[in-house]
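Next up: the structures, one after another.
There are two complexes below, and they share chain A, which is joined by chain B in the first and by chain C in the second.
Coming up: the complex of A and B.
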């Protein structure tokens, strides 16, 4: 199985295994609260974010996913975060603290802060996807008041990714079957490959759209997931909101330092 | 039993690139009839089926499903009673699991989830895919995908079933199962196919399209007893 096929199945599995059990918008709400908490920490206070790492660690372990898996997947976002923050140390040279004789400027602090914020936010989203699946997330977004049109658009875009992937797998197989081991192709050929891929996927998307229309699709994707909001959901929401608020507003570093000093 | 018929009156269809797929098709399929639609590639079979399910609309002439003319306004009503099995089953299987694919139509009909589940289970049972609910289409064989596509339509319990080359890419066993399955469908069937034996076994009546017009309309047994009919339209 090629990497492309493995990737296809891995993403597909997330939604397939969700089955038709009851799901609750609580995970979406907790994730939104967590993202607000992470993003509300001032960018020049990276120490304020460190304790918020407890949420993805504890929640992923509680859900039986394992933090290691979430962390490894979150590393993919690192290059983007580096690009976003890399100019801060260069342009913001105001010294804000000394570590021994080493002067640390604000640019470095904000750079570290961006990396942390980005990683933790991405980890929370990954955790939500792994526990819930894309389709339920979009469905829950609809449930908690996001515009239906927007949710359907997102869902269809998500499904379109599969169409592109499927066509890419077929084209890759066809290329390999006649490539006789050749790995590298000139840049111009890749351009044609991508063009063909888009045309093929558009044709498939037209067919799929027709098949959807034939079965009564009228603009809103029916998902049929059952939703529950019960006592357990409230407990889960209130507990995590309290924990996240504590992690956000309590200065645990200071408390621990004071305990040690005493 | 439904009392739906399908009537084509001087139906023309021209694609945007100027290709005239249908050039005045006239015939009527009565309630409960099984009609084979034969013809070479590009003869207009698929176009005619798309028009019947209100996925295309005639450039000229009229298609009626029961008393309802096929128009943009009546499209939803038409699609509730007409089930269309597409030529490429992959077009019909786009959800993460086979269950969700088969449930897609009934859910669009706003049926209660319990009824959706009943219909999905029944349809999957009928096509021999019980136990495959949680698989994705990607994990099924070609024949299984075809069966899943048929289940997608059966779950909508249509009055009229349109099938576009349903036996394409099927092995002998899957083809036989499909024929037996369709024999059990008591409502109207319009079957576009290149599979002459399947047409003979399933359909009492055959309409042959050639270059967008009806070249033959009569008993299926007649075309097998008179090979000239098939020869004239290039099918032999």
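Coming up: the complex of A and C.
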């Protein structure tokens, strides 16, 4: 499978695995509250962040996605987090903790903390993505006052992505058919290939746009009819805000330490 | 270049978010004044085009790292800086909200680093004065390459500043800046060549698609001489900055491993840069807190999985 076909499948898969729920719009707000909570924990207190894992764990199970799926999808960010945090143990050599005879530097704590905050914030966004439809996000953005130009642009870009990828796959296949087994493109071909792809896609997009204009499109897409903020949304928002605040401000590490010591 | 949430503090994310929202509001107002019939489909298809291009990563020789193009100069050259900015913003928002590429809290930072620096700074100050009215392929090529490099370098500098202000990494600012500018110099060069190739093709086969052509047709009067002088001065200043960063980047040419070895050897900087903290009184609970927390979370997951999956199965069975 070529890179282009893989990209096309990846985009299609995102659409397919998305699981729309009643609480979709409110999840965006809860995610923002959660991210503020995670990122506001001081970077040298990993014990304060780990308890915040309760949100992705419980919410993903409640939404029927399963935390395992969310966790596996979040693993690929680990190398990036390691690159970000790997310098901390090297530079931050102040000893802050002894585990038996082993001295632990502050750098190691901040390193673990970066891994936790990176994984948890990424998991919260993945959870939001898996439970919120693209139209919901579009509606939510319109509702909170984002300019209609930007929202319309987002929606069109997302839809034209399929047009571009389809066109690119067709062009690549045609080129291969004419190439008689020649695999590599000469450099001079790339400019023409990409330029033609851009022009062909623009022509198709202009055609689609004219058809939309003929059907009364004025440049602004209307809000979805299904968007509603009901009692369930309030319950979801208030209860999760309370839980996140509790997890953020209660020192559960101290409580569990006392239990272990006793 | 996409910053993750783990890199930013809420304060930095908040300020960057506010600046990004203000820029989006200003750009939206400016777009409404553009008199071009095909601007809506062109912005849509260009957004998709840049989105697809950003999905393809290329490896950077000698660094063990990879990068992807940003597309800001291409967008600004075809639809203008303000429309290009909005188009790139929409790409970044889709990437964040649909594909989890770049953090949600870091979205403001990403918009400033990538969209604003390339479309609103590099394109009008570097590309436009050099490329001129879009008639000369060579001027377009030179403008696209220089503007892409400078736009990316400015973004890389801002990533360093935002990360350092957030206080997440203990990496010394100079070394971090050196690494970031070195890697993004290479990415910028590749992006510049790719942008130049596409723009040259467009200029040859469909020149009216270029923003410069549209602008030339829409306003007959020439740009005042004073404005030209100001643009040239600002462009030269940006060039000087770029040359400075290039020099800084070229002092660390062998990438990540070489830099780590160099940094680790210099122990004095590392120890001196770490301030004493008030963490000490609390560290008894650290180990137990982390391990205990993980155990509790695993248990919580098992319990949740049992409760909610059983409930769902029983509902399905009843149906």
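Rule of thumb we're sticking to: the second predicted complex is superposed on the first by the 149 of 262 C-alpha atoms of A that agree within 3 Å, B and C clash if a C-alpha of one lies under 4 Å from a C-alpha of the other, contacts with A are read in each partner's own complex, and residues count from 1 in each chain.
Keep this in mind: a residue touches a chain if its C-beta (ideal position, glycine included) is under 8 Å from a C-beta of that chain, and two chains touch if they have at least 3 such contacts.
What you are looking at is a predicted structure, and each value in this text was computed from that prediction instead of being measured.
Look at A:122: by the touch rule set out above, it reaches chain C but stays clear of chain B. When the two complexes are superposed, the chain touching more residues of chain A, out of chain B and chain C, is C. Once the two complexes are laid over each other on the shared chain, residue contacts for A:112 go to chain C alone; chain B is not touched. By the touch criterion defined above, A:78 lies against neither chain B nor chain C after alignment on the C-alpha atoms of chain A.
Residue contacts after overlaying the shared chain place A:215 against chain B, while chain C stays out of touching range.
Of the two partner chains, neither chain B nor chain C is touched by A:189. Of the two partner chains placed around the shared chain by superposition, chain B is the only one that A:135 touches, whereas chain C remains out of contact. In the superposed model, A:163 makes contact with both chain B and chain C. In the superposition on chain A, A:9 contacts chain B only, with no contact to chain C. Of the two partner chains placed around the shared chain by superposition, neither chain B nor chain C is touched by A:250.
In the superposition on the C-alpha atoms of chain A, the part of chain A touched by chain B in one complex and by chain C in the other spans residues 159, 163, 204, 208. On chain A, the positions that touch chain B within their shared complex are 8-9, 12, 15-20, 133, 135, 159, 162-163, 166, 204, 207-208, 210-218, 222-224, 226.
Those residues of chain B lying in contact with chain A across their complex are 50, 53, 55, 75-76, 79-80, 82-84, 86, 88, 90-92, 94-97, 99-100, 103-105, 107-110, 113, 116-117, 134-136, 138, 152-153, 156. Taken in their complex, chain A has these residues touching chain C: 3, 7, 10, 14, 31-32, 35-36, 38-40, 43-48, 50-51, 53-54, 57-58, 61-62, 64, 66-67, 73, 77, 80-81, 83-85, 87-88, 90-94, 96-97, 99, 104, 106-107, 109-110, 112, 114, 117-118, 121-122, 125-126, 128-129, 132, 134, 137, 146-147, 149-150, 152-154, 156-161, 163-165, 168, 190-192, 194-199, 201-202, 204-206, 208-209, 219, 251-254, 256-257, 260.
Residue ranges on chain C touching chain A, taken from their complex, read 4-10, 13, 24-25, 28, 31-32, 38, 40-49, 51-52, 55-56, 86-87, 89-91, 93-94, 96-100, 103-105, 167-172, 194, 197-198, 200-202, 205-206, 209, 256, 260, 263-264, 269-271, 273-274, 276-277, 279-280, 282-290, 292-294, 296-297, 300-301, 304-305, 307-309, 312.
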